[in-house]
Amino acid sequence: MIIVMQSHCSPEQVENVITFLEDRGLNGHLSQGVERTVIGVVGSVDITGSNGVTPELGESLEGLSGVESVLRVSKPYKLASREFHPKDTTVKVPVACVAGGSVTIGGNEVVMMAGPCTVESEQQLFTTAEAVRKEGAVILRGGAFKPSTSPYGFRGLGEAGLKLLDKARKEFGMAVITEVMTPTDVAMVSEYADMLQIGTRNMQNYMLLDEVGRTRKPVVLKRGMSATIEEWLLAAEYVLAQGNPNVILCERGIRTFEKMTRNTMDISAIPLIKRLSHLPIISDPSQGTGSRDLVTPMTLASLAAGTDALLIEVHPNPDVALKDGAQSVTIDQFKTLMPQAHAIAHAIGRKFVTD
Amino acid sequence: MIIVMQSHCSPEQVENVITFLEDRGLNGHLSQGVERTVIGVVGSVDITGSNGVTPELGESLEGLSGVESVLRVSKPYKLASREFHPKDTTVKVPVACVAGGSVTIGGNEVVMMAGPCTVESEQQLFTTAEAVRKEGAVILRGGAFKPSTSPYGFRGLGEAGLKLLDKARKEFGMAVITEVMTPTDVAMVSEYADMLQIGTRNMQNYMLLDEVGRTRKPVVLKRGMSATIEEWLLAAEYVLAQGNPNVILCERGIRTFEKMTRNTMDISAIPLIKRLSHLPIISDPSQGTGSRDLVTPMTLASLAAGTDALLIEVHPNPDVALKDGAQSVTIDQFKTLMPQAHAIAHAIGRKFVTD
Amino acid sequence: MIIVMQSHCSPEQVENVITFLEDRGLNGHLSQGVERTVIGVVGSVDITGSNGVTPELGESLEGLSGVESVLRVSKPYKLASREFHPKDTTVKVPVACVAGGSVTIGGNEVVMMAGPCTVESEQQLFTTAEAVRKEGAVILRGGAFKPSTSPYGFRGLGEAGLKLLDKARKEFGMAVITEVMTPTDVAMVSEYADMLQIGTRNMQNYMLLDEVGRTRKPVVLKRGMSATIEEWLLAAEYVLAQGNPNVILCERGIRTFEKMTRNTMDISAIPLIKRLSHLPIISDPSQGTGSRDLVTPMTLASLAAGTDALLIEVHPNPDVALKDGAQSVTIDQFKTLMPQAHAIAHAIGRKFVTD
Amino acid sequence: MIIVMQSHCSPEQVENVITFLEDRGLNGHLSQGVERTVIGVVGSVDITGSNGVTPELGESLEGLSGVESVLRVSKPYKLASREFHPKDTTVKVPVACVAGGSVTIGGNEVVMMAGPCTVESEQQLFTTAEAVRKEGAVILRGGAFKPSTSPYGFRGLGEAGLKLLDKARKEFGMAVITEVMTPTDVAMVSEYADMLQIGTRNMQNYMLLDEVGRTRKPVVLKRGMSATIEEWLLAAEYVLAQGNPNVILCERGIRTFEKMTRNTMDISAIPLIKRLSHLPIISDPSQGTGSRDLVTPMTLASLAAGTDALLIEVHPNPDVALKDGAQSVTIDQFKTLMPQAHAIAHAIGRKFVTD
């Protein structure tokens, strides 16, 4: 950590900073430059606070009089960082329909997760599941608890939806991923689901992160719509810090000034996360674009950039979907998408689990 | 609702849209323009869904083939809108120290809410409360449950913090406002607090909104850091829809590309909310700027733009604050701020409760 | 165009809007809905203003009393739109080193444009040109006039730089693309360059757009860093309206809250532009990310999403580059990138010009 | 300048950075921390490049292998900074109608600049000028050259518009401010105008900044719609570096995700600029909000936050304005606004020039 003092700061202000550091078991190393005084913090600032130095140290220093800015040299996350854990993390998910009975996310093989945005009925879910399974999807997505911007909107079938997902899992041998929205639902959702999804609006719902961190279920953590890469990794750190190592990050678009797409997919986040973290990174082009016609090109782009899996909304009849019909691809579109996705995967030396 | 068809759409696609509407008890009024076919939806689309038409109708229409875009003519919120409820809502808060035993937020009088970001100790809280009370604040703010970006950061004293707030209330005759972060805490926090605060990260935590909606406590709903005005009003609608009319909106800055301030305060949201809604709107210049030196000018700007109350972080010794020291003003700064705030209030024909 | 009136508007306000339209040779078609009065504009609103109705009509209507909002049904650009011109535009560029003496941008073949950010010396330029030519680039990029955020920064070699580019063209048989920054330089730059580049800061420099529109040189129009897709197409319309049909759009990242990359590349703009416009669309992953290590994955993602060409910064020794060294790939990195780019192109059924 | 090395960098990479610095006449001071190696740059890095070290040094260092990030300790602008020039700059503008024949911008007195968005006719201009003059405006705004997003839009009357402004100046004794859009127009516009305005789209039109820097006319430099505070001050530095000290900054809103207002006015930029720079800062609530009804509250907010002047669009009949009617206030609204503006100015201990 490096403290830059204001250009006309007084010797007392510098002294005060040094004392502040010493009170916390640290030392300040003074550099009197031509332009400014800079104080380097000597001693380890463990960001987990385990040496008594709190993560808020930087903020506190910024508040001291005479301080212009504080530059953090080390990353604010640890368990999620590649520095701390250089080897790729892989997350194993039980999938009955594949040889060996499981798939691995974060290895060389790419995984397709597909299904309806929201579970609406057994018929809708089963038709979709059967179709996407046939094309090579091995994990079934479907929302039972849905965040709705309007209080009058459809909020999902709840536990009845979970039961349908469970039934579909048995029928088609797929794993099931579904969203959990509040801490008290984690236990129930975990009974039915193989993977827990944390939605974009809940990326900083810390009590929910704590709770899924106490399970050992794979957690797909969607990027908050205005979350920086660093905040996203800190949210992953919450889950990891509770002891659950099975965290998968999911890029799903960020909020920008451009409104022609629902969100702006930040494809560069895929290689960036690979560099900064050992965690798998996957991509949701349905939420990322909000537009059915953009799902295929953004699926291919995500694959080319290195995504470990895809999460795609498919609906047998998007025109009557209860939610997000405009961004769900049809079964026919999904059939056309898959061979293109395979071709891109091969082009970069990877293959789909079901290849 | 108005449906704009693609320029080369087929008669079958138009027919399909008309049928889709009729299946839902609505009619489509066709306008064949020079440039495009436009379909006006005839019949009432009650956004509360009480006539069987769901709020997702627009989304569903956007997914129909041949449809280019769907224009919503009416607002997606109802209880929060000034159209539905033209008269200003005022929220009464019990405050022992003022004549009459309560203050009203949203009327002609302006209210000062001040206190530490986080409750750290009895001494810190009491020193601050005494000082801000003396200068004219009547509501004491202080966090017992704190959202921390890092899992290793300080997350507040919890119920012990609430007890200190309660003690301070009795001691200084102030009302207490504090944050509640998860549905299961609502009952407990409500025992100690006069006003419940929903933080920026929880603006779309719908189960939490439902839960505070079931109480009758005044709720201060902070704007999500990337929430549009419309999404913010829809979040208020959640609380109102559960029967709690005591909702107060709070502008606290939005996330933009500018990083020199922690957030960019959208002061224009104050008059905009006044126009669109009957709910009171207040301002948090501490979170809004993240910088102690900007709190006074942004307090004055908020008042000039019409804010109904202010929420300001004050710390007896910001240099040692456990959280957000850089944005807390000192007691001396607060003393200087108050007479300026009074002068601006008078200039626009308002006055502070304690005037 | 559709005019939505405020919910409590008066009959006089409606009448006033109708009269306003009639004064301009248009008619208003009134729809009295349950929720609101809506006025459809009948008669053609030619956005080129050639029927006497100005493009500002919408804005003027928004200013009328009682009007809540104005919805534009047709697109504000014409020459750039796929509706007006359904067939793909292809732009031919003379390139001595390829069979036939030219390449086509916007057809099935993909084109690689590469070279240094800035022309620094003959040696730097020639080393780079030779290397990228050998790997399959056919168009040489290099800045002679450079926008520098600081007035004290390097602003390019000017005409001397253009002369070096011209010399390199002759030596290596490549076409040359370079930036032009001000109208009075267009003639001179056109003497040396085969393609004119309009930089992100000049996307709305209308007098410059007019001037390059008066030439017939291919124009690469970079997206403004905060330009919407619509504003970008309107900027293209400026060039097209002057009679120059050879416009190529270039996605180079937009400004968002995320600062870990220099810009956020909006890969979805590639398929979106293909849908809205007939103009070729290319991609600049060097400017788009600002980081050397992200250039390869974002090149591959752009290709998978359908880009027609790539613009990549290469430097023989990025460590001593005068500008943007951090985002220039080395010659070795470029050598590794090209076969991967070929593989992705093949996977989607395209190939590079030099295949 | 401080260089942070990657956590696993090699001794050779560190050595290479040191050599790179020494080649440029600087020294690197090595700090081997627990977490990382940090290299402080010793020796003065004059950002004007006058000691041979270019402003791109930071970028170049970021490109060196093994470097994680480069932290700039000093500000990248000099002439515009308060550190270099602690005393407030005031800009004198000749105004015939006031006692003394001039007004000062940046002192204790506040200045009102008002007039139509665009000069449309003598009658429109004179009616407006007379009305705003009567209410206390002393500088007349009006566009003769207008940036239009559409090539088919109204682009202003050109020199004929300038002549009308000149005539109005003589008639009403006001100073005239008008926009200049391209370097070759600077001389002509300067003949007619007392102040030159650089519009938001041209904030980084460097050749235009150079050219107005060669005059001694007061220059009002609007903030680019996606410009950071730092980029804005660097644009001011361009003008100052050419020898023109009369630079006035103008906040006019930035582009964000919120679309209910045309832009989001960053009121906090007013006190921030006052802290970072000695230059006057003014406010344009018409462009800043795009909505007539928000002009008054945002005028008052700007004043409360410390603006030195206001730039307000007024139109005698906004319903028929050729441009930006929706954001122009009527003469009646302007009459109501002025006494409120006076009251706020008094509340913070300032007054209007004409008080």
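Each chain carries a letter (A, B, C and D) given by its place in the written order, and its residues are counted from 1.
Throughout what follows, contacts are C-beta pairs under 8 Å (C-beta built on N, C-alpha and C of every residue); 3 or more make two chains touch, one makes a residue touch a chain.
Keep in mind the model is a prediction, meaning the values are calculated, not measured.
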item	value
Touching both subunit A and subunit C (chains)	B, D
Identity of the chain that, by mean CA position, is farthest from subunit B	C
Geometric centre distance via CA averages, subunit B-subunit A, whole Å	27
Where subunit B and subunit D are represented by their mean Cα positions, the distance between them in whole Å	32
Inter-centroid spacing, subunit D versus subunit A (mean Cα positions, whole Å)	40
Touching two or more other chains - residues of subunit B	226, 255-257, 259
Touching residues on subunit C, where the partner in the complex is subunit A	226, 228-230, 254, 256-261, 264-268, 270-272, 275, 288-289, 293-294, 297-298, 300-306, 340, 343-344, 346-348
Subunit A residues touching subunit B - in the complex, by the definition given at the top	16, 20, 47-49, 54-56, 59-60, 62-65, 76-77, 147-155, 181-184, 201-202, 204-209, 225-226, 231, 234, 237-238, 241, 255, 292, 318-328
Subunit B residues touching subunit C - in the complex, by the definition given at the top	2, 4, 7-8, 29, 31, 33-36, 38, 40, 42-45, 71, 73-74, 83, 255-257, 259
